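Two complexes, one shared chain (chain A), two partners (chain B, chain C).
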Partner chain A sequence: MTNPSDYKYVRSHEWLCYVDDDRVRVGITDFAQQAMGDLVFVNLPIVGDMTTAGEPLCDVESVKSVEDIFAPVSGEVTAINEELMDHPELINAAPYDAWIAEISHITDTEELLDAAAYEAVCAEEE
Partner chain B sequence: MITDLYYCEATGLLPYRNQALEEYLLRRVQPGELILYLWQNQRTVVIGRNQNSWQECRVELLQQDQGYLARRLSGGGAVFHDLGNLNFTFITTDADYHLPQQLAVIINALAAIGIKAVKSGRNDLLIADRKFSGNAFYKSGANRYHHGTIMVDVDMTDLGRYLQPSADKLAAKGVNSVRSRVANLAEFVPEITVEQLKKLLFHSLGDTYGLPVQEFLLPADAGQKLALLTERYANWQWIYGRQADFDIQLAHRFSWGEISLNLQIEQGTIANAVIYSDAMDGEFIASLAPFLSGCRYDTAAMIDSLQQAVINNRQQAVIIDELSTWLQKRG
Partner chain C sequence: MELLFERSHSGRSLENIPATTVSEYQLPEQFARRTPLDLPSLAEVDISRHYTELSHHVHGVNCGFYPLGSCTMKYNPKIGEEIAALPNFTQIHPLQPAQTTKGCLEVLGLAQQYLCEITGMDAMSFQPAAGAHGEFTGLLLIKAYHHSRGDGAKRTKVIVPDSAHGTNPASATMNGYTTVNVPSNAEGGVDLDALRAAVGPDTAALMLTNPNTLGIFDKNILEITKIVHDAGGLVYYDGANLNAVMGLVRPGDMGFDVIHLNIHKTFGTPHGGGGPGSGPCGCKAFLAPFLPKDQIKENAEGYCLTQPAQSIGRVRSFYGNFLVVVKALTYILMLGAKGIPEAAQGSVLNANYMKTKLSEVYDVPYDGFCMHEFVLSLEKLKHETGVSALDVAKALMDNGIHPPTMYFPLIVHEALMIEPTETESKETLDRAIQVFMDIYHAATADAESLHQAPRHTTVRRLDETRAARNPVLKYTPDKD
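And then the complex of A and B:
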């Protein structure tokens, strides 16, 4: 699967996509979902949660393990993808459509990579 | 590559403190290090990260027996700990994490006393097709741990009582436990003790990795961090509050009629309550619902709220009394 070129990426394997200047949608990359295996539960954040760039946003449980998902930006959670409550497998099936949370009022951002730079990070880890 | 092996034993039996030390070790482990942490909890049910506390554990019964309910960072199902159980955690970085070798530490330790243990599926260790060790996994950034139980001489009656599914109808999202046929090591080696198992694991760690084992010494500044983490694990919000919303139906037949409490729980609090009853004084019973809305989903809090109801006659007082006693005993 190719990583969309209009998305940005962080080293901890989350993607983000700008909805407008001050609002992003966040999810996990194809590389991350493959490493995790089949997801059984997404422990979504709550609307109103404050996030800190580089700190845990929420967690997902796969058949292998629980893993923290990190917030790529500091801000406030203004929407969550509730469909994932019943269908965590959407992340495995379409990681770049299955957004987890929308974060707005952004005050800080992790180092963002474009698709090519992110693919280089993945190649190093493999 | 692992260059430094450490061994660390918990000093107390309080689950929240022991979980705190486990997380403390996870956050500070360095590349090249592997820590084996051994710990025991007194009378505790530990549920997986994404489990419903009320679905997996007889909370009331456990509290009445002065037991603890704990939620862990890793996934999977509910387990029961007492002093007949030994917990282990392998803490290392992503690059040095190697599950087969970690499990070999346990399998080799048991082989030294003539027990043949085998891995089954992703999460279990078995002897003669019966599970004595359940394993679970957590990863945060570059660090991860693999932990599990080893049943040495666990009280099976307690285990069955606390993990027994409740009769209440509960609809919750999350991860459900899978029942297994379990066994204590003592069934195979009657003279085995937890102390002996600790020594076996210590030696097996060094032998399996072919490195000397160093004792892990807590830095002087660990106390404050441990206190904060302990508070977090003991916190109502962590154990009961921050879990997926769920609906529960509590039903009971009293001498004055049958009652069904239908509760919608959001963030551990009763967001909406509806009460159905075929009792003579149905109006009074229905009027109790608003007292439960907004109250924590917790027996003591619910009883307190019911006591606020305005009572007009002796029968109504009996109803409140009997409802309170039932909620208390529901266990």
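And then the complex of A and C:
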């Protein structure tokens, strides 16, 4: 699967896509879902949560392990993808459509990579 | 196989329930059942066959090799069961007067004395029901200590290495602490510079397993505990891997302040369904005033129960899982001061033997001698053949071997974590090594055959994903 070129990526394997200047959608990358295997539970954040760039946003559980998902930006969670509560497999099936949370009122941002730079990070880890 | 409910036939019953010796009590109307209980109707033979059939579908340490890393699935001597079944231990009630249970108090007193001697601690509580519960209790002690000194509010962080058992951060979180991860160094131990950078006036404790989950004894342990103590924090010993060092070195001498033991691992008592477990929490004398209620002490009249001055209260009813302690004391007395360190040495010898043989074909990510367990990485095998650690684990089941711990520790990809224990003979290890070798060669020759494993078990490969996503946790009667 190719990483969409209009998305941005962070080294901890989350993607973000700008909905408008001050609002992003966040999910996990294809590399991350493949490494974790079949997801069985997404512990979504709560609308109103304040996030800190580089700190855990929420966690996801696969048959292998539980992993933290890190917030790529500081801001406020203004929406969550409730469909994932009953259907965590959507992340495995379409990681770049299955957004986890929407974060607005952004005050800080992690180092963002474009698709090519992120693919180099993945190649290094393999 | 059929469930007990599915074996039910109306009219069949068991007639051997004795008549009640207490008078019947009529519940108040609002609590009484409206419909009869939906219980299966079975003869004794149906029940006996059901459970015997179930027992044929499992693999326990009485069936064969069980090298489940960090779980210490050693063989549990049967004498432990015999002693724990003595009526003097089974026919007592926790509320009967203490002067009528002197023998039982002596069991707890002696077990405390010996376990303190082995670990270098000064006092121990047997209340915690298993390892994670012991961790939780240990952190409660640490919290109570910091609060008693007036800096509980600012010490909010618990440090754990990235190779830690998942229960460590869980216990810290349950106690309201924030967890800070420190990375491992190239040798698999704690990165000292990262630890120095992580400690500070907000450090409540460091939680450490030594030897750790890579089976490596951290040679910097004295420096590690000093760094934390110098910052005003305490150091917690996760006793999961004590089997490798019991009777040889003592956590108390390494600088640890609090410890839990998994006596169902280290001291020869059954795990899980054969349990229950027991996770006593031990501490140095300066923490003893905070221990849970009902501490065992010896005075002029023998053993008695005392209440620590600043006790955190109870973490469980009464005295914990008492009969597990009876089995552990039996084990300690049976092995004695000579046998305990010999058991530890045997576990290290067996692990190094298997590791050396398996490293001829499998990748071992951390070189050098290991302690009681070691970790293989199947990342290369998976990359080259598509055969994963999970496939290898399933193939082991076809050969009468319980799979090792998989995908843990998290810092090793496609990990298999193997702990043979001291109770296995060289013949068992040689056979297991051969099986591992055969599976490796099968993976390179015919990967597909391993994706199909297991073939010879009662059920084939289970859909773990579906079971986790849609668990069926209870029987629902068919109403037709």
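Definition applied: the second predicted complex is superposed on the first by the 126 of 126 C-alpha atoms of A that agree within 3 Å, B and C clash if a C-alpha of one lies under 4 Å from a C-alpha of the other, contacts with A are read in each partner's own complex, and residues count from 1 in each chain.
Convention: a residue touches a chain if its C-beta (ideal position, glycine included) is under 8 Å from a C-beta of that chain, and two chains touch if they have at least 3 such contacts.
Computed from a predicted model, the values in this text were never measured in an experiment.
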>> With both complexes overlaid on chain A, does A:89 touch chain B (first), chain C (second), both or neither?
In response: second
>> Let me test your reading of the model: by the given contact rule, A:76 touches which partner, first (chain B), second (chain C), both or neither?
In response: neither
> Does chain B (first) or chain C (second) touch A:12, or do both, or does neither?
Replying inline: first
>> Looking only at contacts as defined up top, I'd like to know whether chain B or chain C touches more of chain A.
In response: B
>> Once chain A of both complexes is superposed, is A:63 in touch with chain B (first), chain C (second), both, or neither?
In response: both
> Touching A:38, do we find chain B (first), chain C (second), both, or neither?
Replying inline: second
> So which bits of chain A does chain B touch that chain C touches too?
Replying inline: 40-41, 61, 63-66
>> Applying the document's contact rule, which stretches of chain A touch chain C when the two form their complex?
In response: 38, 40-41, 61, 63-66, 88-89
>> Touching residues of chain A toward chain B in the complex: what are they?
In response: 12, 40-41, 43, 46, 56, 59, 61-68, 70, 85-86
> If you look only at chain C, which of its residues touch chain A in the complex?
Replying inline: 166, 406-408, 410, 464-465, 468-469
>> Can you tell me which positions in chain B touch chain A when the two form their complex?
In response: 48-50, 73-75, 122, 136-141, 144, 173-175, 242, 244, 267
